[in-house]
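Worksheet for the structure shown next.
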């Protein structure tokens, strides 16, 4: 059982280290508390079959967790022979979140894959992955602009995400918020673990997330400059 | 590409037909517009290995879609050799939603599986599944109470769900709301397809859902009486 | 363990309801006693790779059973990650049976897939599938003729099937007969469960099937008119 | 495409060589024309989980074909990651056929597995497998009787099988007949490839099979003596 | 647990029988003690996708073991749904060993697949496979030269292999040596089962292998003449 | 295509960083040139089913490579649904190498799993994994000794490994040597890529490895002190 919780109003310590991989077109190691996610961006000059010859590119994500990223060792998904439902759900979320700030037509017929591998997990790995993946994506796209492969910037803005939860005697809720720097909502996921939670609790989680994500946008900008 | 959208303020026509399967401990065919989902509840007198000897039961769900439930034929998942990420995500949501209104200790060491099979799909299949599954679960549990296998009712309340969306020139959002009849939130999922959406749009989707789910609670009560 | 038996000389009550699916090119819900199979026909304007550019079409079938179609819940094949040998054997039989009455060259380079999904099972699901699939196939082909996509009818005749068995103290046999309305044999499968059966028993099963299939041909004609 | 046909009235040359494997409890190499199948019988002192503690044994079969058993190389099923529907259908038939002449209660709580591996294929591999598997089963059971592990012979009689077909301008049919030496039918499978066949054709195939299987019974008795 | 051991200084009895398969372009049954491996060579006039249009051919191998090749029955890999790590390791070794004596450019854009199927196993199956596969490969290539499909012989020399081990109180080592008739090393694999072994022990295993492989080269030449 | 080569006589820069994972019982990040492998040791208080109740423990390894560890992105094995033959071969080698210096009886009925995940790859990942895994294993075992769970040290000595190759116009060879600090050979793998190599070349690779591994033993001792 993995959980995503942050109860405090205080954003836990976040760092974003770039260019941590010698080969990838963009990379970022994001640390949030004891959670560490290594993100690499790979540019490939072709698109998935269903998108061919449509003049558009694609941005997608894959997610994995090292077996001993957590307190007890989890089974290696490659050995199990399939990705869990949880893994697939997370990588779909990451890809969707990034595409919300990319002009796929401006990207041209190429694909950027964000590999998010959790080195150590202490909650919030999916939202840390989104925040770090934006940095790796931004760096990879900068390379395309610098080399002249792209004339127009396909990145429309920033996207970042945060997980927060309520865990008291009256309620237990976990939530993930993905927002853009233009103030738009990309994704909200709020779940009452075991039982439901109230409308007021939801509002206070939203406020907490809004504040925290504002800080993450500043860190992203610092990381890429 | 399947989508879940209902833009209108008007709940589309919903019917709940019970006892549609000769063998299942509970069953319900829910129709919502052109969407039809057949739900069966199966009671088994044992629990998954990880829950054994803890004095608690389990409620879980599986979801499937007939290949020609949609406009174009989809590949049969059994033939593909695995359930898609979307399928797993949906069945996890259904199970989680139902467990929010079940006292698992009161259920005793038994498992109830809700099979939600989409006969025809026109959006909102996951939320229709939740609404119909509660009816099948209620009927199966009634059987346990009637036979004396259960002394106390493990069902703590009603849960129902609705999908609604905004699809205009300024925004495109899909959302699923799962609420209890006690007014609590069990799950919120809101996604900006292609681009984000505003806080105001989110609020109007929430209000729409709140109203619709109230009508669904009344239908559920009528169906089981 | 599922079994297919009908011992009586009396054909059990059969109904054929058409156009039960909003999207499929042809569809039929066949009920035979407590067995219910939903069949949809899907037309696709291409053929499998091994048949390309040969000026011929293809007719194939897939078969599935909802988990709670039977007394006890069966494992969902999509969750198990593969179709059982039984499922594959049945869908091969259905496809072969239908092709026996189709002129594949006259069909042109298109494929018709018959999805046979068992909603409830009380024996004879494979033969009910064949009988119902012919109706869905006939309706789908009628559409091609009506639209002018086909000039010549590729359907050469009717095919229907019946399961019958002997279960007495001296023998135990199950059999499936697939016959055409021209009086030809398409397929005979006769199995002595646990021990063999006599030549005389085989002959009486054959006579029983012959009579019953004659009645099914009349029902098929009524259903499509 | 593999086919099973033998049109002639003449049984093709069959030989049965026993004790061809150093380790197996029973073994037989059956040659029928250019078809060669190596069968081994393995005795294990336990039964499948679903049969435990019922005082009965089990007889089962597995079937495989070496990649270059045929004119063109077929893909190795272990590399493909699954057994084809055809393979599963065949091994189910072999197991069922053998069980028809075994008293499973007399066998005791043990399992005998017949592995039928096709070294070279020129039609009729499934029926050759059955005929050879009976010999291997008989030899393995003789060992149990000789060692005193069994007091009563669980083998009730002989079973053998033959494939025959009609391939002329008016019809095309393939059939497999599995009969016991007591004159009972264990299994009949008759298929009209491409189109149906007449009742008269079926009768002549049956007569042909009946005669051929009589010769196979004599060969089986010679092989084990 | 399978083991590969030969401790003695004496090469165990080896025979090479050719043309044992009616369809394959080359074939060889190698017997070494109680180990028997059937090898077939299949020529296909195309190469794997990654090698297309490079003017080169490919030589590859697949390896399998019949379930009852050993003292106790092993699970059929096709039924298990995957090839074990051991199987994959062995077939990679066989392919690599053969390619060491083939000029792939001279072979032209065609692929030769060596299927090595172990009929009976008593150690040393991987090295017996290599030795026998060279014979099958040589025969298949002779066919291409005889038909004029090849003008130049792509086979540069002979390759053969031997397994030998030390199993005494002080050490336990297994080794496989693959050498060419030009005196070159193609592959050395030496493993200390349970604990390491000394340099001197390694040297004596090497000497033993060198002598034995010399004898195998002579047998290979005799087999193809 | 990944390759393992180091041609120079000079050991490339190696560092061993310990305690890099917050949860694992032992961990080590080994850097060798641009190759980086993160190793964690997990202790579990049970053994695999086949080893139960034998009074012995087990040491095993798993190996994985992040998709963008290399110049071009490799497919994620979890997404592919299976571990490649190469991966399985490597993890078998790592486990075998470590067990050569462990007294499994002294370890007691517990299992230690070494997860070796390649963060960045520039050759020699399997040998770096072995060298780093010994450090993680040593640290995990120290914990068992410190806590009193173990009275006797089950680690019999050090094991380390190196990859070296010859890549000149006359030969091309890659080799992996695994040696113990007692001077014993645990494993030798030497492969002539494309063509064989001479005995003299083998000897010089061995000498090179012997020297390099001596330096690695010193680094291991420094790392754990």
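Couple of notes before you dig in:
Should a chain be cited, it is by its letter among A, B, C, D, E and F, assigned in written order, with residues numbered from 1 in that chain.
We adopt the following convention: a residue touches a chain if its C-beta (ideal position, glycine included) is under 8 Å from a C-beta of that chain, and two chains touch if they have at least 3 such contacts.
Just so it is clear, the model here is predicted, and its values are computed rather than measured.
In terms of the stated touch criterion, chain C and chain F have no partners in common.
Chains that touch both chain D and chain E: there are none. Matching the C-alpha atoms of chain B with those of chain F calls for a turn of 120 degrees, to the nearest 5.
One simple way to say how far apart two chains are is to compare their mean CA positions; for chain C and chain D this gives 28 Å. With centres taken as mean Cα positions, chain E sits 58 Å from chain B.
Here the CA centre of chain B is 33 Å from the CA centre of chain C.
Annotation for chain C: residues 81-83 touch two or more other chains. Taken as a contact graph, with one node per protein chain and an edge wherever two chains touch, the assembly forms a single closed ring in which every chain touches exactly two others.
Contact residues on chain D toward chain C in their complex (touch as defined above): 82-86, 88-89, 91-92, 96, 99-100, 173, 179-180, 182-192, 194-199, 202. If you check the complex, the residues on chain D that touch chain E are 21-24, 27, 34, 38, 40, 42, 44, 62, 64, 66-71, 73, 76-83, 87, 113, 115, 117, 119-120.
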